[in-house]
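These notes are about the structure you will find just below.
Chain nomenclature is as follows: A, B, C and D, assigned in order of appearance, with residue numbering initiated at 1 for each chain independently.
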Amino acid sequence: MLMLPELTIIGTAFLLIIVDLFLHEHRKAVLGGIAMAGVLLALGFTIGMMPQSGELFGGRFAVDSVTWWFKLLFLLASLITLAISIDLLDGRIDAKHMALQARGEYYAIMLFSLAGAMYLASARDLVTLYVSLELATIPLYILTAWKRDTLSSESGLKYVILGALASAFLLYGLGLMFGLTGEMNLEAIGRSVTPSPTFWLAAAMVTAGISFKLTLFPFHMWAAEVYQGAPAPVTAYLSVASKAAGLALMFQVFYRMMGHQLMAWAWPLAILAALTMTVGNLAAIVQNNIKRFMAFSAISQAGYLILGFLGNSDEGIPSMLYYMLVYILTNLAAFAVIVWYSNQTGRERIEEYRGLARVNPLVALAMMIALFSLAGIPPLSGFVGKFFLFSIASKAGFHWLVAVAAVNSTISLYYYLRIIRQMYIEPVGQETRALSISPVLAVTLAITTLATGAIGIIPMVYETVSAQTISWFLPFIH
Amino acid sequence: MGLVSWLIILPFLTAMAVLMVPAKNWKAIRWISLTGTGMHLMLTAFTTMKFWALASQDIPAMKTATMTKLYFVERVTWFQTLGIDYFVGLDGISMSMVILTSIIIFAGTLASWNVEERTKEFFVLLLTLVTGVFGVFMSFDLFLFFMFYEVAVLPMYLLIGIWGTGPKEYAAMKLTLMLMVGSALILVGMLAVYHASGLHTFDLIRLATVNYPASLQTWVFPMFFLGFGVLGALYPFHTWSPDGHASAPTAVSMLHAGVLMKLGGYGALRIAVYLLPEGAKEWGLFFMGLTTINIVYGSFGAIMQKDLKYFTAYSSVSHCGFVLFGVAAMNLMGFKGAIIQMFSHGIMTGLFFALIGMVYGRTHTRIIPDMGGLAKVMPWLAVCFYVGGMASLGLPGFAGFVAESHVFMGGFFGNNFMNPVAMKTLTIIATVSIVVTAVYVLRGLATVFQGPITNHHFHELTDATLTEKLSTGLLVATLAVVGFMPWYFIDLIEASIFPFVNRLQASGTMVAFH
Amino acid sequence: MSDFFLSPVGLQHWLVVSTALFSIGIYGLLTRRNAVGILMAVELLLNSTSLNFVIFNKFATPSAVDGQIMSIFIIAVAAAEVVVGMAIFVTLFKHRKTVDVTSMNLLKN
Amino acid sequence: MHSEQSFILNNVWLIPAIPFLSFLTLGLLIRNFPKKLQDQLSGIVATLAVFSAAVLAYWLAWEYFHLFPAGVAKQALVPWSFEWLRYQENLAVNVGVLVDPISVLLMVVVTTVSSLVHLYSTGYMHGDPGYARYFTWLNLFTFSMLGLVVSPNILQMYVCWELVGASSFLLIGFYFEKPSAVSASKKAFIVTRFADLGFLLGVILLGYYGYNLFASVAPSLHASGLTNVQPFDFAFLTNPEVMNQFMGMSDTFMGMGVLTLSMVLIFMGAAGKSAMFPLHIWLPDAMEGPTPVSALIHAATMVVAGVYLVARMFPVFAASADALLVVMYVGAFTALFAAVIGCTQDDIKRVLAFSTLSQLGYMMFALGVSSMDHPLGYTASMFHLFTHAFFKALLFLGAGALIHAVHSNSIWDMGGLAKKMPVTHATVLIATLAIAGIYPLAGFFSKDEILVAALESGHTGVFAIGLLVAGITAFYMFRIYFVAFWGKPSHHSEHAHEAPISMLIPLIVLAIFTIGAGFVPMADLVSIGHSAGGHHGINWAVAGPSLFVAAAGISFAWFMYVAGGKQRSAALAGALGGVYTTIKQKFYFDEIYLFITKKIVFRFIATPIAWFDRNVVDGGVNLSGWLTRASGAALNSTQTGQVQTYGAWFVGGAVTVTLVLWIFFL
C-alpha cells in the first residue's frame, strides 16, 4: 500500500467533515485532535514504509526515496501547523479578537491541501502532476480568505488571481512539452526532449509557474500581501508547506523532465537565486508587519534553497531536502511565537514585540533561536543547512554567488536582529505580566526549537537524508 | 573527553549552570561564573605546563617541518559525507591564545562584579561567547572553526545592546554586521578551498598539504585576509571597533578588544597564509601597506580623541595593525611578532578597558578633559593605567616590546619573495608610530591622572576594590612576566610557527630579489 | 506567410488560436477593472492551455487520448478555481461594495 | 687572567640585581605597611641596596683593573649571560654583563652618585607624601642605568635605555599634581622617544646587516675564541673583521652608506638621551623633578648614556668618518649653544641644566675628534664624564640644599647665603671652580685633556669653541655663585639655614671626589685602539690659555654681579636688546617644537585623521547601510497592492526568463 499515507490523510479529512456535523459546538475541540492524530498516523505509515519504492496506476503514481522525504516534510509541516492553529480555532485567545470559524472544514481543507502536496511528490505524469498541484493549491486560496474580513478576503482574491495566472503559465509550458514529445510521463519527456526555442519557451513558462510557488523574483509579489492578510497559522502553512510543495514541483520538473538540460540551466538559476535572495532581504528590512516581514524572509530563503540545483551536484538533493526540513522547523518555531503573540494580544507589528524577553523569557529565547537559525547563525541548523547549500554553489564554481548569498545572510541578520532588539534590548512595552501559553503551543514551540538546535549538531539527520537520496537524480541525467 | 574538549566546554557548562540559578540570586550567579572561569584558568595553567614540556622539546625537530604538529588532539567524525570532523587540538599559537583568553575572561568576570542588571543573561551570554572563542582557537577543522567563529561574534550584539552605553544599538548593529560581512568572505574562501583541494575534508592540516592553483590563491587569499582583517580591524574596515568598544560594557570591551580581535590575526595566519602561501606572496606587500596605514593612522587618530574608550579603541586599531603587519611580513619574526603582539595587546587592552570601566564606575565620565588628578585618589588604578600605557608604547620589560621588536625586525628583514625596499620603507613608516603612541598615551594619561584634581567630587572617590585589584593585578603581572621572561613564551610558540614559514618557502616559484 | 493562409487548417493554425486565447486572457487579467472580468480572463487562460493539450494530442500522438484527458481535468480544475475565486470575491464584495480590483489595495507596501 | 677566582668578577650581575630586588620589594610590598613605617623602611632599604651595589662596584673596579698588568690592553669580559630573546636562528639577545674599562668606570660613577643621592634624598624628601614611591622609582632607575652600563649587546642597551627613560619620566613627573612637572615629564619622554626611534632603526639596521654577514664571518670569529656571539653583541659589531665587511658593503640605503646611516641613527638616540642640539629641549624642563633626581639622572648618569653609547660603539663610529664628524659638530655646537643660554637663565637648576648640556657637548665632541689611531679624545671624554658626574652632582645637590633653604629656584631669591650655609657654600664653591676648570680640581684635568685632543686632531675650530665655552662656563657658573652666595639677601633667603646632616654628608663626599677625581690615571685605565695609552701629563700650551679664559670669565662675572650689582647686568641686557631676549628665550626652540606638534601634527595631521575616520571611512560604512535601506524602501514601493501590477510583473518575468534562456542557449 504505497498510497497509505495519502489515503489516511484524505480519510481523516472526510472523517473530520462528517464528525463535525454531529458534534456539539463545545465538543468540537476534539476535531483538532483528530486531525493531528490522522497526520501522525500518516507520518507513522510514511516512516514505516520508508525504504520501499514502487509504482501504482501504470507509473502515474510512484514512490522513491526523495518522494518519501517530501512526504515527511509535508506531514511534519502540517502537523506543526495544525498544532499552532488549534488555539486560534478553539478560541483560546484574547477575547477582543475573533477566532476562526468552522473548525472541521478548516482542518479538512488543510488536510486536502496536504494530500495534494503528497500526491504532487508522487506524481509521475502531467495529469497527476497538475491535478495534485491544484489540489494542493486551491485549498490554500480558501484558507487564506478564511477570516472573511476585508484583508483576509483581499489577500485571498489576490492569491487566487495570481495563482491562476501562474498555473496557466505552468500548464501552457507543460502543454508545449507534451507537444514537443508527445509524452505525458515526466521521465519520458525528459528522455526525448531536445533543446529548441520552443523547449526553452516551455521551460521558461514552467519556471515561471514554479517560481510563483517558490516565490522567486520576480514572481514573488503575491507573497507579501497574501502572507499579511491570511490568518497567522495559514501564513505559517503557506510559508512552509506551499514552499515545500513548490520544491517538490521543481524537483519533478527540473530533474525528471529537464534533467538532461540541468547543467545548461545553472547560470539562469544562479541569477534567479541571487536576485531572489537580494530582493527578499532588501525588502524585508523596511517591513513593520511581522507576517509581511516573514514573507520577505521566506522569499530570501527560497533564493538560498535553489542553490542546491546548481552544478548538477549529487549533494544538491540531500542539501535541499535537509534545508527544507530545517526551514520548516525553524520557520514554524518562529510562527508559533507569532501566532501565539497575535492570539494573546492581537499584535503583529515588529515594534510591538518590545520587551518580550522580560515578560516571557523562554518564548523570547525560542524566537531568538528561530530567528538566528533563519539568519544562518551556527551552531543552529539554519547555518548547517545554508552551509551545505553554499557548498553546492561553490562546488559548481559560482563563488560570486556564494559571496552574494553570504552577504545576504548578513543583511538578513540585520532585520532578524531588529526583532531580537525589540524583544531583548528595548524596555518593556505594554505587558507587565507574563502572557499565558497553552500546553499544545508550548510543547510545539519546545520541540521545534530544540529540533532547530539539534539537527544541526547531530549529524544523523543529514547523513540519513544524504544516504538515501544522494544519487537519486543520476538516472534522470544519464 | 580530553583536555582540549574540557577547555572548550567548561565555559559553556558554566553558562548552563548559571542558567539553572534563578535570576534574583545574582550574587550566586557571579560566584558561579567566577568559579567556572577560575577553574578554567587553572585548567589552562595545567595544560600550559604539559604543553610547554612537549612543545619546547620539539623546536629543533620542527625547524624544517611544513606541517603543524598538534598536541592533545581529539577527533570525532561529524558530518561524514562532507568530511567534517570534530577535530580539536593545540599547537603553540592556539595555546598562547587560550592562555590569553582564559586570563581575560577571568579578569573580565572580576571586572563585571558590579553588573546587577540582568546578571544572569549577562553571564550566560559572556560565557557562551567565550566558548566560541576557545572553540576557534582549538579547532582544526575549518567547518568547526567557522562555526565557533560566529558563535564568538554574535552574542556581542546583545551584550552591547543590552548592557552598553551611548548609541549602543547602532554600535552593536554596526559591529555585528561588519564582522558578519567579514565572515561571509571567509565562508566564500573556505568553500572554494574545500572544493579545490579535492580531498573532501575540512581538516585544516590536510588541506594545507595541497598546492592550490595559483589562480585560486590569487583571489581566495584576499578574501580570507580581508574577512579576518575586518575582525582584526584592518584599515579601512576598522570603524566598528571605536563605536563598538565605546558602547560595550567593561567585560565585553575587554573580551572583544582583548580576544575577539585576535581571532582576526589568528585566522589570517592560520588559514589565509597557511593554506594559500602563493596568494600570500602575491598579496603580502599590499596588505603590508594597508596595515602600515593601520598602525600609523590608528595612532594619529588616537591623539585627538576625547573619550577614553575611543582613545583606547584607536590605539587598538594601531596595535592590531602590528598583528596583521607581522603576518603580512611573511617571515618567522613577523609571524612570531604577530602572535606575541596578539597576546600582549590582548592583555594590554583588556587591562585598559577594565580600568576604564573602573574609572567610569567612579567618575561617571569617560571624557578625558573632564578628568584630572585622579592618581591622587586612585593610585592603584593610575599605576595600572600607566603600566598599560607603557606596555602599549612598547616599553621594554613589558610584552609589547617583545612583540613590536619582532614585528619591526620581521618587516625589515623581509623575505625572499617580496620587494625588500618596499618592505623596509613600510617598516620605517610603521616605526614612527612608537613616537606617536608615546604622544597620545602620555597626553591622555597625564590629563586623566596627573595634575591637580579638577573636580571636587573626585576627592571622595575611592581606589580599587579587592576584586578590581585582583583583576587588574593579574593582567599587569602577565604583561610583566612575558616582557621580562619572553623566552618562555617564545619556546611555547616557536615550534608551531616554523611550519608556516616553511610552507611559504616551499611553495610555488621564487621571485628572486636578492 | 502566405503558406499559413493557404495551407489547410493544421497544427500551426490551432496554435495561433490557443496563443491568441492565452494572450487575450493575459490582457484581460491585467487590464480589466472588474473582478468578475478577471475571473473570466482566468477561464480564457486555462481554456487556451486546455486547447493546447487537445491540439497536441491530435497532431503529436493521434493514437492516444492523454491530452484529451488532460483537458478534461483542466476544465474541472478551472471550474473549481473560478468557484473559489468567485466565493472569495463575493465575501470581499460584501465588505467593499465594489467590483473594482484596483481599489482592493489595502494590503500594500 | 684569574677572573675565575674572583667572586665579584663572576657575579657582576649582583650589582644591577640588588637595586632591582629592592625596587621589587618596595614596589610590591611596601604598600602593605602602615604609612609611617613605609617612609622609614623605604628610605633605608633603598639606600642600603644602592650602597651595597656601590661597594660591589668598587670591589669590581679594584679586581678588574688589577687583572691586567699595566700597559696591557684591558680585555672585555662577559662573565655571565643567557639567551633572553631569540628572534630567529643566529639572531638572539643574550642578556648578560660586559665588564670592560668603561663599564666598570660607569658602574662606579653610577653607584657612587646614586648612593649619595639616595642618602641625600632621605633628608631632602623627608615628609613628602610620595616618599616610598620616590625611593621605589629611584631604585628602578638605578637598576636600569646599571643594566644599561653593563649591556654586552646593543639590544639590551636599548631595553635599559628605554627603562631609564621611563624611570626618568616617572621621576620628573614625581610631583604629578603640578602641571608644569607633568608636561615636563611628557616632554622628556616624548623627545627622547623620538630620538629612540632613530636608535631603534639603527639597531634594526645593524642587526639586519650583521645578520647577513654573520654566516660568513662566524667561522673566523669562532676561531678567534668568540663563541656564542650574536649579531647584536658589541663583541661582534666592534670586531675588526666585521667592521671591514661593513665598510666594504656597497649597499646604500636612502642614499647613505649602511654603516654611516646606522651610526647616524644610533647617534640620534644618543643625542636624544644626552640632550644634544636640537633634541636638547627636554632637559631644562626636566628640572621640574626633585633636585636629587636632577643630580642623579639629569646630570651625572642618565644623560651621559648617550656619550657612553657612542663610546661603546666607538670602533664602529670610527669606521665611518662621516658619522664621527656629525658627532663632533653636534657636540661642539651644543657646548657653545647651551653655554650661551646658560648665561641668561635665572632659575638655578636651569642654569645647571644648560651647563650640563654644554659639558655633554664637550664629551661628545671629544669623542668626535678622536679616532682609533688617536684615542686621546676617547679617554678624555670618559675622563670628563667621570669628573663631571661628581662635580655636577655636587652642584645640583648644593642647589638642592639652597632651594630647600629658600623655597625658590630663582637665583635672585637667594643671595647672602654664604654665611648662613657655610658647608653648602664651601662645597658648591669647590664644584664651581671645578667646572670652571681651575687647577687642581677635577674639571681642569678632564677639560684640559679634551682641549688637547681637539687641538691635536687638527680641528682647530672645535678647539676654539672648546676654549671659548670654557670661558663662558666660568662666567655663568660664577654668575650664579656670586648672586646666590654673595648677593643681596632677599626676603626668601633671610630665614635660610644649613641643610640637615643627611644632605651635607653627600655634599662633602662629593666635594672630596671633586678634588680627587682629577688625579685618577684615566689614560691607564681607559683607552681604546692601537696605542696602549699612557699618561699625557698636563699640556701647558693648552692649559695656560684655558686657565686664562676661565679666570677672565670669573672676573667678568665678578665685574657684572658683585661689583656692578643688578643694574649693570640689566644695562648689558638692555644693550643687547633682541639678542638677549632671544637667548633668554632659549632661541625659541620650545616654541618651535610646540608649533610643530600642536599646530602641525595635532591640527593638520591628527585632527584631520580623526575627522576623516569618523566621516569618510565610517561614513562609507554608514552609506552602505543607508544604501541598503534605501534600496529596500525602493523595492518595497513596488508592492503597490495592485494585483494586476503583480500580474504584469509575473508576465514580464516570464518573458524575461524566456529571453534570457534564448540568449543563453540559442
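One rule holds for everything that comes next: a contact is a pair of C-beta atoms (placed from the backbone, for glycine too) under 8 Å apart; a residue touches a chain by one contact, two chains touch by 3 or more.
Remember, predicted model here, so these are calculated numbers, not experimental data.
Visitor: If you take the chains that touch subunit A and keep only those that also touch subunit D, what is left?
Guide: Where subunit A and subunit D share a partner, that partner set is B, C.
Visitor: Going by the average position of its CA atoms, which chain sits the greatest distance from subunit C?
Guide: D
Visitor: Using the mean of all protein Cα atoms as the middle point, what chain has its own Cα mean nearest that point?
Guide: B
Visitor: Comparing the two chain pairs, does B-D have more C-beta contacts than A-B, or is it the other way round?
Guide: Of A-B and B-D, it is B-D that has more C-beta pairs in contact.
Visitor: Rounded to the nearest whole Å, what is the centre-to-centre distance of subunit B and subunit C, using the mean of the C-alpha atoms as each centre?
Guide: About 65 Å separates the centre of subunit B from that of subunit C.
Visitor: State, to the nearest whole Å, the distance from the C-alpha centre of subunit A to the C-alpha centre of subunit B.
Guide: 42
Visitor: Could you give the separation in Å between the centres of subunit B and subunit D, each centre being the mean of its C-alpha atoms?
Guide: 36
Visitor: Starting from the mean Cα coordinates of subunit C and subunit D, work out the distance between those two points in Å.
Guide: Each chain reduced to its C-alpha mean, subunit C and subunit D end up 96 Å apart.
Visitor: Please set out, as single numbers or ranges, the residues of subunit A touching at least two other chains.
Guide: Within subunit A, the residues that touch at least two other chains are 157-158, 161, 165, 224-225, 414.
Visitor: Touching two or more other chains, which residues of subunit D qualify?
Guide: 636, 639, 641, 643, 647, 651
Visitor: When you check subunit C against every other chain, which residues touch at least two of them?
Guide: Correct list: 26, 29, 38, 101, 104-108.
Visitor: So that we know how the chains sit together, what is the shape of their touch graph: line, ring, star, complete or other?
Guide: other
Visitor: Using the touch rule from the top of the page, what pairs of chains touch, sorted by label?
Guide: A-B, A-C, A-D, B-D, C-D
Visitor: Spell out the part of subunit A that touches subunit B in their complex, as residue ranges.
Guide: Per the stated touch rule, the residues are 315, 318, 372, 377-379, 383-384, 387-388, 390-391, 393-395, 399, 402-403, 406-407, 409-410, 413-414, 417, 420-421, 424-425, 459, 462-463, 466-467, 470.
Visitor: Please give the residue numbers of subunit D that touch subunit B in the complex, ascending.
Guide: Within the complex, subunit D touches subunit B at residues 83-89, 91, 155, 158-160, 162-163, 166, 169, 173, 176-179, 182-183, 185-186, 189-190, 193-194, 196-197, 200-201, 204-205, 207-208, 211, 253, 597, 601-602, 605-607, 609-610, 613, 617-618, 620-621, 625.
Visitor: Spell out the residues on subunit A that touch subunit D in their complex, using ranges where they run on.
Guide: Against subunit D, the touching part of subunit A is residues 157-158, 161-162, 165-166, 169, 195, 197, 200-201, 203-205, 207-208, 211-212, 217-219, 221-222, 224-225, 264, 267-268, 271-272, 279, 281-287, 411, 414.
Visitor: Considering the complex alone, what residue numbers of subunit D touch subunit A?
Guide: 628-629, 631-633, 635-636, 638-639, 641, 643, 645-647, 649-654, 656-658, 660-662, 664-666
Visitor: Touching residues of subunit C toward subunit A in the complex: what are they?
Guide: Per the stated touch rule, the residues are 22, 25-26, 29, 35, 38-39, 42, 45-46, 48-49, 52-53, 55-57, 59-61, 64, 66-67, 69-70, 73-74, 77, 80-82, 84-85, 87-89, 91-92, 95-96, 101, 104-108.
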